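Here chain A shows up in two complexes: once beside chain B, once beside chain C.
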Partner chain A sequence: MDTVENAEDVQSDESEYEEIAHTAAEVLELMEEAWLNEKFAPEILPHKYDIVECLLGQISHVEENLTNVGNDDLRRSLHQMELDRLRYLVSSYLRMRLEKIETYVYFILKQEEERSQKGEENYLNKNELEFAKAYMQSLDQHFTDRLHFWPGNIPTEWKNQLIIPNIHSFVFMKAKNEIEGVMVSHVNEEEEVVDLRTGSQILISYSNVGHFIKTNQSCLI
Partner chain B sequence: MNPEEVEFLGEKQLISIIPTFNSSTIHLVSGDIGPFRASLPVNVPLWVAVNLKQQRKCKIQPPDWMDVEQLELLKEAEKASRNFVKMPSEHYMIEGKLLLSIATDDIARADEVRTIIKDIWDIRMAKLRSSVNTLITGKSYGNVDNLTIMEINSMRPLIPHAMDQIHRMKMERPRFSTPSQSTSLGLLNSSTVISTFK
Partner chain C sequence: MYGESACSLVKELDRNRGTLPPYNNELIGEVEKEICHLIQQNVADDFKAHEDSNVGAGLDYTATIRTRHAIIQRNLRCLLAYHYNRLRCLRTMRWEFGSILPPDIKVNLSHAESNWFSKYSSMLATYMRSIGDDGGVNLTIDLNPPKALYIEVKCLVDYGQYELSDGSLVLLKESNRYFLPRAECEDLIRQGVFQHIIN
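After this line comes the complex of A and B, so read on.
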């Protein structure tokens, strides 16, 4: 029963996506870009589950069709290879996000809470949020259990020190369209303004360009 | 990113093949390929071409730039220019490596092509290494126009990290003169917190 329901879910997702008029190939492009952005950005980026689900829908669609194709058919091996490529892309993307969530769990949850309070869009998807909360809970539980053996007063200051992503790390960025007035901050608090042409590539601190990634004006490479 | 992942990205580049079989259009997620008619050229992604070639189901038509004369010109241009010359393909190294390893019989003067591509790569990498110094001592950003993904990737483990460390060291200094930044935590703690926060 479960599988049937899932398949229907997938189909409805697909039709939703078609309304915004993306071909499968375009979705794949978007997924690749999201994958690279997530890979190189130091912080977690707004999730792209609409793309992920659309691509997963494509995968199960192709899989279904493959059952009718003979084993020695050339089509089969090519489709199979492509499926493997797509699966790699999606799972690598999801795994990278989980890794970030595990590393920065306290910080990310705090940010997500602030976002909810301000009524902003959450960066994590529902399931990721659930995972993050469960992960934090077991981490807390683990520390409580272990610190139980601590002689004397149990230290608590460490809890105030969050592990946060280093948003100053340097990234390679490619401008997708013309961007004027990128502020590059220098150490002596001077700022320099740089204009980027379409397609130009630059090595720059993420803190100066993070918002261009989120607003889809440029991508990381 | 490891080189295999760069290759993964490069493999979607289209390339022309001459199939030795017949088949109707294949609807891949990344786009339709075919129809295949024996001895009529058709464009397919590189990974399909590699796969078909390995099954001996096609001949590969090397891209226009994979030609000794053109590559020689490119090499001279690269030598003469102080900046990086735009490469004929965003993934020239990957295409070169893959095609020269599986389709040597389809490429004219394959050994010479291989040597020149390697030369161009070496020239560019040497340029890259010598520009690292200006990059690190100079501004807090650097232009990397015309560098291909593979080249960018080869400097990824070192340069962004080095620039980040320099940035951290520069940020450390002013703090000692402004004690107002220290928080209720011990000085040592606050410095770690601030240096990561900034």
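After this line comes the complex of A and C, so read on.
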């Protein structure tokens, strides 16, 4: 938890920015949680672009402040290090999302379409959606080009064999609130109901708890 | 035997995990020929079956046609798997080497694959530009969690002058050691100009 402590350094260092620095620590915590959730969840989660953009704003803000600090100042290298950490956090988060989008592109786009038909919130950000569409189109193009030798109609059945995330994989989960009635399914089709107390941790199949992550009642660790 | 060349295509993939062997035009041609041949036979048999059924008697072609169809499907799947996995590999290389591939990898690509690569590069660039408010974020740096601000690197080639992001110039010479900001080195390390020295 180095990063959190360091964020507080920023706070005490620059008292004039105390107001911003305080929210920065909170933003960081949210970002870290989103990052961990995304890292351990097998499927793509609703995007957290508001946090990302807020943190990016903070980064450029601190960068601006740093230009006023001398090159050989100790504070400079401390803050620079901190900035590097933050930048890693953000880019790693976005990279992981991109990787998931690329791997499950057909599946994700299909789900997104169903979501917009139902009027639900999209999981992908607008830019991500554009990227996903462009990526899928490039794959389609590449494959159809390759199949031009085919006599007659080019087969398209392969599009039905989607690569889908394994949502039954096991994850470590920590409950943020009191959660009652978590269904735990067993191999032999039996179901058990468990109540989770605040802060309790459990190793469980993602399919049982995915919706708690999305509704922010629990997080993955 | 039917399906053999498709199988060796997939085996080739499996043997060369994480690397891109030359695009196997020859084997792919064989698979394509086999598919075409089988489809032609199926069409011919289908035609014959129709004729026979009009006459009222004749052989039952269903089993043969079904077997051929299964082979065609399998060949198709192997073919697509081969191409898909090469693209995935190419994608990893985009992240490793940036938008310009080293020449020894470039020769192994088919024409369509080079096209795809540049398309992927540009869509990735568009996406990275769109993040945040000011000019986007380069996602291809900061690949590993940062440990220290400066790292020690050894220069492997005579690179010449290199400009750091604060505007100062460094002359990079072969087998010299430098102590530079990590963010500046990352790209050069991946390009093979620097070697990261880990104590």
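The definition used in the following text is that the second predicted complex is superposed on the first by the 192 of 221 C-alpha atoms of A that agree within 3 Å, B and C clash if a C-alpha of one lies under 4 Å from a C-alpha of the other, contacts with A are read in each partner's own complex, and residues count from 1 in each chain.
Methods note: contacts are C-beta pairs under 8 Å (C-beta built on N, C-alpha and C of every residue); 3 or more make two chains touch, one makes a residue touch a chain.
Just so it is clear, the model here is predicted, and its values are computed rather than measured.
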Once chain A of both complexes is superposed, is A:S77 in touch with chain B (first), chain C (second), both, or neither?
both
| request: Answer with first, second, both or neither: which of chain B and chain C does A:E102 touch in the superposed model? | output: second
### Query
Is A:V52 touching the first partner chain B, the second partner chain C, both, or neither of them?
second
- Query: When the two structures are overlaid on chain A, which partner does A:I154 contact: first (chain B), second (chain C), both, or neither?
  - Reply: neither
Report task. Have a look at where A:Y88 lands relative to chain B and chain C in the superposition and call it first, second, both or neither. Result -> both
Report for A:M183: first if it touches chain B alone, second if chain C alone, otherwise both or neither.
neither
Chain A contact set shared between chain B and chain C covers 77, 81, 85, 88
Note: in the complex, chain A contacts chain B through residues 24-25, 28, 32, 39, 55, 58-59, 62, 74-75, 77-79, 81-82, 85-86, 88, 157, 160-161, 164, 166, 168-172, 184-187, 192, 194, 200-205, 208, 221
As the complex stands, chain C meets chain A at residues 32, 35-36, 39-40, 76-77, 79-80, 83-84, 87, 91, 112-113, 116, 119-120, 123-124, 126-127, 130-134, 137-139, 141-142, 144-146, 148-149, 182-183
Per the touch rule, the chain A residues reaching chain C in their complex are 52-53, 56-57, 60, 77, 80-81, 84-85, 87-88, 90-92, 94-95, 98, 102, 127-128, 130-131, 134-135, 138-139, 141-143, 145-147, 149-152, 155, 158
Listed in rising order, the residues of chain B that touch chain A in the complex are 1, 8-9, 21, 23, 26, 28-31, 47-48, 51, 57, 135, 139-147, 149, 152, 156, 159-161, 163-164, 167-168, 170-171, 174, 185, 189, 192-193, 196-198
